Amino acid sequence: MVGGGQNAFIGAVHRLAANLDGQLELVAGAFSSDADNSRKTGEQLFLNPARVYGSYEEMARREATLPADQRIDFVSIVTPNFLHAPVATTFLKAGFHVICDKPMTLTLKEAKALRETVKKTGKVFALTHNYTGYPMVKEARELVRTGKLGKILKIVAEYPQGWLLDNIEADGQKQAAWRSDPKKAGASCCVGDIGTHAENLGRYITGLEIDEICAEFTTFVKGRRLEDDANLLLRYRGGAKGVLHCSQISCGEENNLNIRIYGTLGALAWQQEHPNELKFTPKGEPVRILRRGNGYVSEVAKKFTRLPFGHPEAFIEAFANVYLEAIAAIRASQQGKRLVADFPTVDDGVEGMAFIETAVKSATSKSKWTKFPRLRP
Amino acid sequence: MVGGGQNAFIGAVHRLAANLDGQLELVAGAFSSDADNSRKTGEQLFLNPARVYGSYEEMARREATLPADQRIDFVSIVTPNFLHAPVATTFLKAGFHVICDKPMTLTLKEAKALRETVKKTGKVFALTHNYTGYPMVKEARELVRTGKLGKILKIVAEYPQGWLLDNIEADGQKQAAWRSDPKKAGASCCVGDIGTHAENLGRYITGLEIDEICAEFTTFVKGRRLEDDANLLLRYRGGAKGVLHCSQISCGEENNLNIRIYGTLGALAWQQEHPNELKFTPKGEPVRILRRGNGYVSEVAKKFTRLPFGHPEAFIEAFANVYLEAIAAIRASQQGKRLVADFPTVDDGVEGMAFIETAVKSATSKSKWTKFPRLRP
Amino acid sequence: MVGGGQNAFIGAVHRLAANLDGQLELVAGAFSSDADNSRKTGEQLFLNPARVYGSYEEMARREATLPADQRIDFVSIVTPNFLHAPVATTFLKAGFHVICDKPMTLTLKEAKALRETVKKTGKVFALTHNYTGYPMVKEARELVRTGKLGKILKIVAEYPQGWLLDNIEADGQKQAAWRSDPKKAGASCCVGDIGTHAENLGRYITGLEIDEICAEFTTFVKGRRLEDDANLLLRYRGGAKGVLHCSQISCGEENNLNIRIYGTLGALAWQQEHPNELKFTPKGEPVRILRRGNGYVSEVAKKFTRLPFGHPEAFIEAFANVYLEAIAAIRASQQGKRLVADFPTVDDGVEGMAFIETAVKSATSKSKWTKFPRLRP
Amino acid sequence: MVGGGQNAFIGAVHRLAANLDGQLELVAGAFSSDADNSRKTGEQLFLNPARVYGSYEEMARREATLPADQRIDFVSIVTPNFLHAPVATTFLKAGFHVICDKPMTLTLKEAKALRETVKKTGKVFALTHNYTGYPMVKEARELVRTGKLGKILKIVAEYPQGWLLDNIEADGQKQAAWRSDPKKAGASCCVGDIGTHAENLGRYITGLEIDEICAEFTTFVKGRRLEDDANLLLRYRGGAKGVLHCSQISCGEENNLNIRIYGTLGALAWQQEHPNELKFTPKGEPVRILRRGNGYVSEVAKKFTRLPFGHPEAFIEAFANVYLEAIAAIRASQQGKRLVADFPTVDDGVEGMAFIETAVKSATSKSKWTKFPRLRP
């Protein structure tokens, strides 16, 4: 693991998710640019001190020199955004598979370069857009894929949070500080941190490609350097329309990612804070509440389920599902095979960065409609 | 009553609302341009056939000739949109107060002219933006007024419906036919019919004035002549931002008007389909579910409540609240007094038409940001 | 109307319900044993003072002497319980139809006597178990009737309220005072006032007959003379089991009547505070939320619906449905016909009194299992 | 681990919970009475085959002979009920701490004997009444402890499931088979398997002791040997009253454990299927939805929380909380200290067995009110 020292948020989440299924073991890390923090973190995690490194470069170099059956199989990158690309590139080139937090890079250009590196090295690269790991999100995708919604007309995706309603970065809150610092987070705070999850979720479920974006960014909190609220209108190729809004200053909101998808034959609604349920309304029929773990859900949703119905699963399990799929691909790769598994890839990372950059471009040109770059063939 | 013949929707609603409190009696009507329909409707309503008229002009003329203690006190106008202005003008000029359905007119110009007529005649004019009649909407306004939300930052208003997902106007469905006919409905279907309620609701609760609109209209159903879906970004004077989307093609949605308002000190959420509850989240505190009829709600909300807590009230009661307030103003006027009551006025009608026209203007200019006309001093 | 003077609760509700559909007109009343209250109430209701009577006996006598086309068609009885039987008997014998609030009488014996009177006079007698007037309760009954639940195994009915958590009768709160006074309310407060609604609701939906009751009554509030909380186990003929609990001291509860019914093929759940929705779960399938006003609900539910889907209806409309059905029966009776309409009858009143008496009998014999008297053939 | 071979349910849950926090490692097991199943399970779990044993006796014996730094620290017992006592006794006597699934034993007598063994050996014994591991259950207990509910008047605890609506044990479904077999499950199926969780939950939150029980057991499914549905009335010492009902034949119900607690000053409600929320209604105030992870929850609830608000936690985390506390006590014990940690103990197991036996006794004596044995000083 690179990143995830004491007081970090997402590193601890990655570890919980990685522990859950007993399929892997954390054996080495460069947890912080602060060597003392890194060392203490390693201790708390019962690691061999010899494999707790002072820098990610050192870690990549030294792990690569270990015998094949001792060295790490892959690295998890859980640093602030600006380090994702350099760390990933370093480990890929050193021969390691990579699981990386999102957004993938600081810029679209950097993302495309990373994609090249992944393709050249042939290594597995997984991006932890963790919300697509939820079984009922996979069920939603199945319903779309099997035509239960007909042609999709409208997508409403929301991601309101409220934790940045005050200028807590000025008080040294570390999570807030790097996310609102353009050098560490990139050109966007709110869209890069959470809006991109909402976009990814819509894309994962529907497969639709954005054509144009009209984005209104606002920095409500005085002294903040990046936007803390964004409202976007979307036009999809093929005629569907979208509304996507995200916020970090919406008082009382916790982590309320949610999506509604309306088609000619049916509609879907899913809320991350109640992840075991998926509302599905076939045209002219009552709303159905599909619940995880029941016999009536698809094989795909069942595959990513650990507990029986009514025994709720949540965030960590969804995160762990991304890990399980990435690990399956890594195992296959180690056996010389190529596995098409269900996890977000470097291509999703490129799309995500294109989304952020297009939104920023619209927002900085007085919210003009702006073309999404053509990324797919 | 003018309009509201057999098979009409809103006329029947007005009658239920007007009956509820036993404060008024329906005594005359011109219920349809089809004289036979009008006559039959009158019969069903136990009216004196002599006061069931073949046209609204005849009704205004003949009622005006009756002795003061026999003639109607006011007229309710429940026709399709294009008749609102001519009927209202005719009755105002004939000396009658008016209660009129929304949107007020076909155009902003017509709305301003009607406002002049109302001011000149000095009659009471009430517009049935009925959703502001709900007690918990009034409670929401009180919370804003008394500073419980602090400065308002963001408003998300939604009004999805699904009943026009098919081209039912082609099959002669009367409600769909006139709403999608530019001659009868005006320049907009979805925004005029329902988006304007969402706008009115936000304005009623917050008092904020729109500054600029970016509107994306879509006509999803083939053969339809006006938009059946609209997504809008809003900028308010003073810096708040808004998202307003409405739809008539959102499969499975019934009449899901809802609003969320985020301020620096608290947030509100209200849903029309569950009108007895109002969510209020003070910053840093748990969500509170305020419920109609309890001791802790404001005097304003209590005033508009008929039943004890837990005995749900709904749509008709809210509608009847608009009537009660308008009647109070009419009674006062009859006694030579002027009462400032809590009902939507001709000024709200002008703002509503300005909203529709600005949205249409933006939508027809490739969704450019468009200035809202300055209406308030 | 007899009863329903100023500050009464249920009288006002009856009037709102009776007004709603414009099918009847309140023309006479004896609103209070306090003649002054009665007179003032009559004034507020725009009644002819000559028909505002000082006592119900006078009203029955004098109305009976009016010409047939002027006298009342029926009387609504909205007094405290102890007056139901004498007033109803008086009016029935004077030749009037009766709509009466529940519970029907003070005792089962009195109930049976009243049943005799109704049968002898041949008049229409309707009991306002208003909760069975909700369209989605009727839909629930249809689902049971048409076999969608299979054989019913278990019924859980709840009716918690919290308004009597303090001894407000000691402070003169009128509604609390008579309900907790054995002379005015009968042998039970909580079961008589609300438990009986829960029992009636279960019986209406399922048609099942109770066989045995084990009832635990508690008077939690010091100084109160009747129970304010009751928990009951029920055995139904045919093998189904039931739990029924009701309370007036459950802090925070408003009027939370709700019922869940489990069968071999499906289950139902309905909550009075969210009356437009009915949950139906066919075995092995997702929960379906049936919503009032949709095309997929039965004709029975549609018949009792005034507004389109998504435009919520509530308590008053359900109450008015009882009135509409009773009025239909009264009209038929006036034309010499007998109409089997969908409203609670004197037989329901007898069953309700049997339920109260059996529960009281069990509770006062240390909560022993007690036989429900055989009432049906 | 003893038990938890392939196709077992609760063993897999224990392993997920034990993995989560990276605080312990599974090193040995006797997973099944079927040696082949045990061996395969061990392989799947990457265990050293030498430590996968053919029987629990062998495991206890051989582990005890390993050097102190190699042998297991404690055993997790996840077998059917009838083996809990013999396995626990064997390991306790062999010097190991024990974490054991519930119900603790087959009979109250056996439970008391096990309590003696625990006291004599001085080892840590934890019982996985996992539902008390939820942070918001702990918050509920804090609210009661700090007087926010005042004196508790009424408790309504429910635990409906529907998975045994058919006689699936006849088709060889293993989970159903042992639970409905008196030799393996004890004298009760429904109350022993799930009713006991509901009882434990109420006791954990309120600390109240049951005084008398009136229990109605039903076996709805033909051919089943134990009850699959139970409705109980409870009297608590001190005057509170309770309703507790549980079911395995309630169509559509998944794992709907829930509890409502009403006091003189406030009320609580919690549902296991939505575990991150706790409803708290102070008298005369709006319902408050307390949500896990917020600043306003107590230190106790915070201690048992891994993720920030809005990132839902669920069943596995709650289960893991029992493990974490038990492990803390085991570590302390290994250091010669005694730690009072927050996990269910052998005393809870004795109370649970007393609850089951009292319920069975009432049910088998025609549902007579039956005294709960005095267990506390």
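Odds and ends about this structure:
The first chain written gets the first letter, and so on, giving A, B, C and D; residue counts start at 1 in each chain.
Simple rule for what comes next: a residue touches a chain if its C-beta (ideal position, glycine included) is under 8 Å from a C-beta of that chain, and two chains touch if they have at least 3 such contacts.
The structure presented is a predicted model; accordingly, all values stated were derived computationally and were not measured.
The minimal number of chain-to-chain contact steps leading from chain A to chain C is 1.
With B-D and A-B as the two chain pairs, more C-beta contacts join A-B.
Among the other chains, B has the CA centre that is most remote from the centre of chain D. Rounded to a whole number, the gap between the C-alpha centres of chain A and chain D is 35 angstrom.
Remark: chain B and chain D have CA centroids separated by 55 Å (rounded to whole angstrom). Per-chain CA centroids place chain A at a distance of 43 Å from chain B. Within chain D, the positions touching two or more other chains are listed as 253, 287, 291, 294. Residues of chain B that touch chain C in their complex: 9, 12-13, 15-16, 19-22, 26, 45-46, 161, 163, 253-256, 272-276, 291, 293-294, 306-317.
Within the complex formed with chain D, the chain C residues making contact are 153-154, 156, 158, 160, 162, 165, 214, 216, 218, 220, 229, 231, 233, 235, 241-243, 245, 247, 249-253, 260, 262-267, 281, 283, 287, 366-367, 369.
Those residues of chain B that touch chain D in the complex are listed here as 280, 284-291, 294-296.
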